[in-house]
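Next come two complexes, and both contain chain A; in the first it sits with chain B, in the second with chain C.
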Partner chain A sequence: MNEQVSPIQLFLLALPVVNATAVLFVPGLVGTTAGRDGWMAPILAPVVVLILIAIFRPMLRRWPQRTFIEVGREALGPWVGGALGILFAGWCLHTAAVVLREFGEVLSSTMLPLTPLTVILLLQVVAVAWISRNGLSALGRCAEIMIPINNVFIVIILLLATRDADFRHLQPVLEHGPGPVLRASIIPVAWFGELVLIAFLWPRLKQPRKGPVALAYACIWIVLVLSFGSAMAQANFGPVVPRLSLPTLVVARMISIGDFLERIEPLLIIVWVADNFVKLSVFHYVTCETIRQSLNLGRASVLAFPAAALMLVLAVAMFEHVTQMSDWLAHVLPLYAPFVEVGVPLICIGAGLLVGDRRSLGSR
Partner chain B sequence: MKRVFASVALLAVLLHLLTGCWDRIEVNDVAYVNTATLDLTPEGRVRLAIQLVVPAASPGPGGSGGAGRQPPYVMAGEGDTVGSALRSVQEAVPRRLFWGHMQAVVLGEDLARQGIGPYLSFFARQREPRGRVTMLICRGEAGRIWASRPALEATLGEVLREMPTFVGTIPANLSDVLTTLNDQGIDPAMPAIDVVEAAAAVPEAPSELQIRAIGVAALQQDRLVGFLGRDAARVVMWIRGRQLRPTPHLLQVPLPSGNGRKPLATVELRYEDMDVRPTTEQGRLAVDVLTYGEGVIVETMAPIDLAKPEVIRQMEHNTAQTLVRQLADTLEQAQSLRSDVFGFGRAIHRTQPARWSTMKRNWRERFPDLVVRYHASIRISGGGKTNKAAVFPPAEYRRQEKGGGGGP
Partner chain C sequence: MTQSQKSWTGRAAEPWHDEPVSPVVKQNKARLQQVFGSPADLFFREVDAPGGPMVITAYLDGLIDGSRLDRDVLQTLVLESGGPAGTPELPAPGGTALSTLGEVAQQILDGALVLFQEGLTVARAFQIQAYPTRAVTEPEGETSVRGPKEGFIEDLRTNLSLLRRIVRTPNLRLEPMTLGTVTHTKVVLVYLQGLAREQTIAEARSRLQRIDVDSVLDTSTLEELIEDNPWSPFPQLLDTQRPDVVAGHILEGRFAILASGSPTALVAPIGFGVFLQTSEDYYERYWIASLVRLLRFFFASLSLLLPSLYVAVMTYHQELVPTALAMTIARAREGIPFPALIEILLMETSFEALREAGLRLPKAIGQAVSIVGALVIGEAAVRAGIVSAPVVIVVSTTGIASFTMPRFSGAITLRILRFPLLIAAGSLGLYGVTIGLIFLMIHVASLSSFGMPYLSPWSAWSPQGLLDVFLRAPRWQQRRRPQTARRDATARVEYGLGPTGRNGSDM
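Right, the complex of A and B next:
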């Protein structure tokens, strides 16, 4: 049960949970709300991670080897605790399905317009189910191989794009005061909230207390990449950024070094596929784990393929087209995601702490 | 061992999934669009002409020359939209048209005067064209460019892509045009070209049609309003804060004194920098344009001793004055067209946002009355290979020195 991942693996798993999709979507979204100050928006977003750390720390101190689902189930009983766990697992599966659909929509709108969406999604889902069936240590190894390369690619792409960048597009700074930036920073909060999955994995560390530190470092790197990415989009395209569907991809398409280093956006697509693979795997692994813990099942691995099939069907059936998905992401998701991301752990851990002394939960 | 075989076999099978069967496109099923021209027909329809790259005709590295002299493979079609014009082109092309390698789009004058927005939409939305596509406006009908034959480059697109190297115009790609179109206080500017009959270099040879840079096309929002002259190009790029790279900037500057011969010199500016600072003059908006340049004298048409510091100082002064005249002329042209291609408004927006918010609504009316003050400072680092140009007899230098040296 224990010691399945190292802190470094956990750090590497946390990066794609946010950046896999955020690198492509966030620059355009914050650019729409905060204009040329969009690059500041990601800086404030990790506040939600601080809240998560504050909620999880008491649990780590008292029951370092238990997840909040297990704590909640014991404190609230199998019915209420189990229901909360299933709610969390449902959110997890649902979000994973949305991520999967985003992944497919980007691939089919940029590279594979003729390939049926279902086929693109199916290939990814099979890989995701396979890795999550093999457990957390396999997933950690995957992250160790892929994520450093991905991040090097992203940084290289963004650095190459500085050639055409005109940073005067970032002026004037804060023309309309801090209001738009604050409003825009709610957008990346939705992504950072998904880091609750990494908090869920803390008990899998040899020293669970190292978890928050690893997550904090991950947040710093994520903020740097998102901020830099948003600034580069702005410096390259200025006022056009809100009009672009995927600014980062267009930035990559603009790169031309000495007339021969051009057309390097396939690199970004490689990053997109690999990052999303790890992100989806984290989501899927946690889905299976939370279902197992809520229902007190024996092994999570038997759930891997059924849950993956469910994810695929949801991803295909949930939206008719990409506009509907964007609308849903902008107007529905923010209303419910934070309540699950922060609310469920808060209730479970809070109940555990209140009830814990009476029932001596830690004696395991 | 069995496991190893099994995993290798599995990997081999999985590899086949990576080929993207549905989206497989064979190179020889695709026709690469190299250049496109868009014109408006008298009936108000779009006439799209595209040059396709004919693989056999484009000379490879070290290949046989002269292949580029073949008539370009151009197809044309008409329609109410760019898309329907494209459809009628495709009726005669046995391959799928591919836009990802397109190098240039040339817009006709009539179409540009109507507004380029609707016609650029296709290139901004369709997934293949890139932001780096060079955008140009041709005086008259854009389709005339097909009559010219590129001599140095394999395709017309390659010629047009190198447009910024031509003296007298500016670089602009799709992304530049979209960015300026969406920004406040700046109007798009695009390279302007024309197709002219060039006098043959060799007396007996027939004259040829040539693509020539004729200056800068100035737009108001997305509508062409006029052309700025050749000197405008450097000025526009300067004030926008971008350097023009490849060709030397040669300025014709009067010498301090002449004695019977032509009192002119050529100064090559090698480093140029410019800053635009909005200020206030007696309560009115004014803009300071500060220019700095470094150069060398590459030609003097009269004897002059460039070893003397005071002569150099005089030349620096004269160069600065010449430059300021160019700046002022260009601004006057743009002001009479009411097209802020320099982005003075944007400069005000960036440095004094509060002030800009009071004037952005009627910037178009204010721009023609904008007061601009020029401050040019030029440093001349020398006279090239010779200080007293060896082409004049010593007697002329002596006579000039007696006559008062470098005084104007």
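Right, the complex of A and C next:
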């Protein structure tokens, strides 16, 4: 594994994995469930990341240079381990396709209503396949340029929105007790669980043990942005929030500074396109890498374009319309995503630790 | 003499190449005349003083110093040939022994005076070259108000001496090699031993040695042959005509390539940020240098993006424009027969044509072209209602922005990339621009210059590395050399060297 990233690059890769989509969707969702206390919901969600760190840490200590797919394949044999790896890759590709579809739906509903969805998605998919083929280092460098700009931009947009913000909308705090907040904090968990991809990339760090730290910092920043975004949506729109599908976008539309900066939501969409590009690239890269490691193939780069094509077809064909997608997101995804996100690493690493000493896994 | 196609490329040695120098001097002369084809400028001078062996000198007129030929060579030969039979010692540098005709021919072509002596099977070469060279002047493309005004010229020896006079250490390595099977161009790899990374230098050396072409007319030939990604629109080596720029770069662990006949040195490994720097930045005070750099970054991005942003916003996202401005633009665009994309493409193309037309014309006519062009395009086209005034403003701002880029080779890249972005903006609006930028970013992030990431100062994310990218921090702040230097040679300035009231004199 000569393709390496630095802890800062990993930190920056982790941000869009959650934020690319969560910044737009989470404020509305938590606002619906927890009302004016919605901004507190993201704070509890990173618990799932703590679970991930707890699972991955023993592996990191034992085999800092190996991914859990490799450990699982070694411990459970090529058939069971490989199957688990393919399951993980399938989840990865599937989730990426869903993300891609969400991306396309938002884009075509806000900016390009007349452009065919396939055209919009095709361009993004080609970009994703290209960077993934060029490797993790290149992706890390891309993230280093794009993600700081994007995050600064999002924070500036949210700060500009303070003009119309009325923070009395956030009071009284915890009117209905902690119940709704706890229930609402389940929502961002789905996004934070996707950070398992970043844990997958830990072995690619120059110092793999810095991985959990980078991820923890990333979680802190993500929580800050999500909380701030939810609070701004609430402060700007108060009880109307549940009726807005993408409150953050409406917040951006409301901005008007000195009759000069007005209606800047297309700029937010631009940032969001770039964020989604990095997020999808991480998914795509991990998909290809997982397939390579599960099947013990030579290079992952040959998989880049086929996997991207599959992703595009899935994204276009999986749902007929947005309503179907929302229904699927609400009812099907929560049933199987956590099992793959947490379950597959747990089985692989657990088996590795159990079998490890007997077969002297670490020797290679 | 029939010369096969193959020998013309000079790759296979010609039959006379390994022929030994004959002890009979007249025969050597005859052979040389045959090999060179009795040209107008190949001169022989026979000295056959009584009592001594016969001596013949051969040289190319125009490559050697006539006065030294008279004073040092002929006088010595005539005066000393009466003495004991031996090899005459000439008061001239050189004296290299040559044993084959090939070596002799090469030395003559290099401008040496070759001396044959009756009875000896070795000839000797004396270096008394003198040929017309241009004066050392300030390069036109890289002028500076403050700082040295020397520039490279076409003569390699002069260029190397300019460098030697700036960096006076035996660690300054000048590795010679000869490239071009026909032109036999001298190429020198310059670096600082102990500061440059060994693997980078080894890579540069092997890439240069791999070159197998007939001619090297300029360092640009080498550039195209040693780039990491030959298809990229981005230059991966910096071209400069200033010795102080080369010195500054090799002091940061980079290497330079100079070639005889070329006033342009190549520098690598570099990142794209280098194309936004000038030597002036380092001679002016850091406040103005930093602010000017930020200005350049801003205008460089404008030169890439402004036309496509205009097209995207005017075609797809009119709501982004402040209301009053949108009204003004709408009024200006009223009655214009073309969509914004076509308007911009028309204007951009004519602007590029205008620039190209004015470039190579004599100065007097060039001005006429630009006046006519400005009048026709700026004034008449708007009056006639063919293009709108905002488009003229956008295109001319873009033109000015691309001129703020101090390095031509970098500015060209952005100029080219502007057009695909324009098409993307016209077809998909801001999404097209963003996707275009993402594609650009993927390419740049995957690019490297001699193993260094092309984005290295940014992607390094070390505060020290960034001190010399967007800003030009004061010298005493730039404590570390960039990544290009060897890892054990990063310390440049000691901590706390900044002038303060405490560590100066008592004043």
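In this text, the second predicted complex is superposed on the first by the 362 of 364 C-alpha atoms of A that agree within 3 Å, B and C clash if a C-alpha of one lies under 4 Å from a C-alpha of the other, contacts with A are read in each partner's own complex, and residues count from 1 in each chain.
Keep in mind that, in the parts below, contacts are C-beta pairs under 8 Å (C-beta built on N, C-alpha and C of every residue); 3 or more make two chains touch, one makes a residue touch a chain.
Since the structure is predicted, the reported quantities are computational estimates derived from the model, not experimental observations.
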(request) With everything superposed onto chain A, say whether chain B and chain C fit together or clash. (result) clash
(request) Name the contact category of A:236: first (chain B only), second (chain C only), both, or neither. (result) first
(message) Quick one: is A:168 in contact with chain B, with chain C, with both, or with neither? Answer first, second, both or neither.
(response) first
(request) On the superposed three-chain arrangement, identify whether chain B or chain C touches more chain A residues. (result) C
(message) Applying the document's definition of touch, where does A:33 land relative to chain B and chain C: first, second, both, or neither?
(response) neither
(request) State whether A:95 touches chain B only (first), chain C only (second), both chains, or neither. (result) neither
(message) Quick check for you: in the superposed arrangement, does A:250 touch first (chain B), second (chain C), both or neither?
(response) first
(message) Contact-wise, after the overlay, does A:114 reach chain B, chain C, both or neither (first, second, both, neither)?
(response) first
(message) Tell me the contact category for A:6 with respect to chain B and chain C: first, second, both or neither.
(response) second
(message) Applying the document's definition of touch, where does A:130 land relative to chain B and chain C: first, second, both, or neither?
(response) second
(message) Need the overlap of the two footprints on chain A, from chain B and from chain C, as residue ranges.
(response) 111-112, 115, 123
(message) With touch defined as at the start, can you tell me which chain B residues reach chain A in the complex?
(response) 17, 20-23, 127, 130-132, 175, 178-179, 182-184, 241-242, 349-351, 353
(request) Write out the stretch or stretches of chain C touching chain A in their complex. (result) 316-317, 319-320, 322-324, 428-435, 437-439, 441-442, 445-446, 453, 455, 458-459, 461
(request) Enumerate the contact residues on chain A facing chain C in the complex. (result) 6, 8-9, 107, 111-112, 115, 120, 123-124, 127, 130-131, 134-135, 137-142, 144-146, 259-264, 266-267, 269-270, 273-274, 277
(request) Could you please specify the touching residues of chain A with respect to chain B in the complex? (result) 109-116, 119, 123, 166, 168-169, 171-172, 175, 236-240, 243, 250, 253-254, 256
